[in-house]
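Both complexes below contain chain A, partnered by chain B and then by chain C.
Right after this comes the complex of A and B.
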């Protein structure tokens, strides 16, 4: 089922939650809504679900205006961040609930629930009480209920945020596959850029109630349309600084200069904004490559995140973060060299619009 | 455990049970023995008092009348309080907080205030001396209490549960009966218990609004004291029997009763 949001807005008590928004999600695609807390992800999901009515604009499903269709009749499924299950039902009855309401026969229900439970490793618990299970299991029940319905639209509101690390990793891998097999259009809200990258598919970046950009996840990661989109889609945060373009050179004042990329050539000279993701500032000596230039900075803080090192550097007037694989201990105050990948440089004009 | 630590609860329970024991022991004595002097156990054990209550219609009718209007009241109170509490817990509307507080203020006036207007009103519309008269009068106190207790329990259920049910395709009535009411079953039990207890022990309104046909046990008990002299044994037996329904009802909600006293709020 394709989903179209036509110029929808949401205003609550005079506060704008969603600015006029247009979005077209194609049938059977996996879509990610990426944005910080309060950026409007949940509100958008609720508008698609019909749990809230838009203040203006329309919601269309497969070419039909469903703005005033009730939740019950939209054939959707939703999974919340909090583990929401029917407290007085057994695991089996929880998963079976949408089928029962749809009036399926007991045999059909038993078969479907059995298959889904198998898939989500819940077979052992079908007779148990929901409250007696762990958070991860409870969320898998919620996911099972969403899957078993074979809804045309599945909305997932940060479903993995409250799960422990291991389970999150595992489900992140499985989710796109599970829903691809069920043939549903999926909208997955998350605040984690890494998660968005891992889930792949299409992505819409949200900032303060506005959709900044929509497209294929990899395209948007490589070519954010503007600064806001680049900021949302970067973890650790993208390094931002002012650079000066004059003729065919770009200068980071007091630090370095390098040749201007071709797409940038015909823009007028002056100040621009450079954005560079931390992993494009490498600790490895890549001086030989002409794509890299050396920059030296003062170590402010060195932290280890997973199997990567994040080095916070003071480079001239800027505080930058460099991310490299492996564990690299440095002492604070030490002066070190990092190598900036020119291919990773993103340029933006004064209004934050990307140049590419 | 040292001896004194075991002694404290034992003494505590003994003190608590003493009045109840005294009542029970009196109910098995003859009135003469009760008036005759101090005795720890019934010297002249008799079931005469209980037999009298179960055979004399003026006595057992009292119980039946009381139970009738109490059950009526409990059913009416819960039936009306459920949707009201749902509205207060789930929706925002103009003046909702004021209305909610106003409900509780109904409990702040003593029943005596309402005795006269109720009496006059019911007499005028031919409701005087009926079960429903007392049941309705008690609603004035019980519906607000039930709304407050149920609202507390309902607010403990996340709103997403409602939404999820709608997403699964449940209609509102089906969701309310099949999912929501079981989810707050303990709250309904507690609210019903409080309605039952209030209505069961309330005397003034039930006495004022009934005379013969719907005369309550409380009225019967207090009137007997002044007719055929002092029938203390009989009264004690009646008192002992009056405790039983409450004890039965409280057994079912014993685990949730504390939450009920805090009006369902944790």
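Right after this comes the complex of A and C.
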């Protein structure tokens, strides 16, 4: 089922929650809404679900205006950050509940629930009481309910936020596959750029109630349309600084200069904004190529995140973060070299619009 | 061989609590036990009676009647107050300025001294001058709680419901407030009816607080004294003489200290036993 938001807004008590928004999600696609807390992700999901009515504009499902269709007639399923299950039901009854509402026969119900439980590794627990299971299992039950319903639209509101690290990683990989098989259109809200990257599919970046950019996840990661989108879609945060373009050179004052990329050639000379993701500032020049330029900086802090090191550097007047694989202990105050990948440089004009 | 070092000083820290409990519970209780097994004619002279008083109390029609009345009273008020409390809690607003207004209104009856509650209802229900009694009689209903057992029972139950439903309401409301909004949304998406939401989400989520509410209301109603002695004094006749009133009549009215002490102990063990059974059943249910 395709979903279209046509110029919808949401205003509550005079406060704008959603600015006029247009969005077209194609049938059977996996879509991610990425934005910080309070950027309007949940409100957008609720508007799609019909739990809230837009202040203006329309919601269309598969070419039909459903703005005034009630929630239960929209054939949707929703999974929340909290683990929402029927507290008194067994695992089986919980998963079976949408089928019972749909009036399926006991045999059909048993078969469907069995399949889904197998898929989500819940078969062992079907007789158990929900409250006796772990958080990860409870959320699997909620996901199973959403899957078994075979809803045309599945809305997931940060479903993995309350799970522990390992389960989160595992489900991030499994979810797109599970939903691809079910044939539902999926909208997945998250505040974590890494999660959005792993889930892949399409992405809409949100900033303060506005959709900044929508498109294929990899495209948007590589070529954010503007500074806001780049900032939302970067973890650790993208390094931002001012550079000066003059003729065919770009200068980072007091640090380095390098040739101007072709797409940038015909722009007028002057100040521009450079954005460079931490992993494009690496400790080693692996490719030994001219695409990398050497910059030296002063170590402010060295932290280890997973299997990578984040080195906070003071480079001339800028505080930058460099991300490299492996564990690299440095002492604070040490001067080290990092290599900036020129292919990773994103340029923006004064209004934050990307140049590419 | 295992050698344990025992620090005897630890016992020292328990002494204050032991003393406190001894003085406010154990020693008074022991005097009751003392009276329950002996006969006294004053001057601190005691004669051993063994289980005589217990047999006498347990075999008396008077105790049986009071006990049955007590069971009836407690059952009726539980059957009214618990469902009524849930209904009121469900219909209270969950956010906005009216929440605090409702909560304060609900808490008011709980803040009134118990004897004042009795006095209020006594005056309110008087057939000649009371608002309730006068109104009922003037529309042709023969109502007189000082003369008719049925009227007395209705008044007593009305008073208890007025006084204590708030407790159930406040506890149930607290239980309802703890249910995340997402549950209601999920139910809405599933197309659940109002009744289904209550049965499958709200009631199970309120189970814990309702257990506490029922337990508290059971214990308090089983030991009701102050409001009742002011309202009816146990009358007309013995019709509203519940266990506690009967006990006071026996101990202070007739000065039968032995049987009264024995009855106190029986009374105490009945409350303890029912609470224990009730609690065990509830907890067993919880674990399943």
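Before moving on, here are some points about what is shown:
Everything below uses one rule, namely that the second predicted complex is superposed on the first by the 352 of 356 C-alpha atoms of A that agree within 3 Å, B and C clash if a C-alpha of one lies under 4 Å from a C-alpha of the other, contacts with A are read in each partner's own complex, and residues count from 1 in each chain.
By definition in this document, contacts are C-beta pairs under 8 Å (C-beta built on N, C-alpha and C of every residue); 3 or more make two chains touch, one makes a residue touch a chain.
Bear in mind the structure is a predicted one, so any value in this text is a computation, not a measurement.
Superposition of the two structures on chain A shows chain C clashing with chain B. Contacts of A:263 after superposition: neither chain B nor chain C is touched. In the superposition on chain A, A:38 makes contact with neither chain B nor chain C. Of the two partner chains placed by superposition, chain B and chain C are both touched by A:49.
By the document's definition of touching, both partners, chain B and chain C, reach A:76.
By the touch criterion stated above, A:129 is placed in contact with chain C alone, chain B being left untouched.
Look at A:12: by the touch rule set out above, it reaches neither chain B nor chain C. In the superposition on chain A, no contact is made by A:301 with either chain B or chain C.
Under the contact criterion defined above, the residues of chain A that touch both chain B in one complex and chain C in the other are 49, 51, 71-72, 76-78, 80, 82, 84, 86-88, 97-98, 101. Listed in rising order, the residues of chain B touching chain A in the complex are 157-158, 160-161, 163-171, 174, 179, 182-183, 185. Considering their complex, residues 49, 51, 70-72, 76-78, 80, 82, 84, 86-88, 97-98, 101-102, 145, 149 of chain A touch chain B.
Listed in rising order, the residues of chain C touching chain A in the complex are 180, 182-183, 185-186, 188-192, 200-201, 204-205, 288. Taken in their complex, chain A has these residues touching chain C: 46, 49, 51, 71-72, 76-78, 80-82, 84, 86-89, 97-98, 101, 129.
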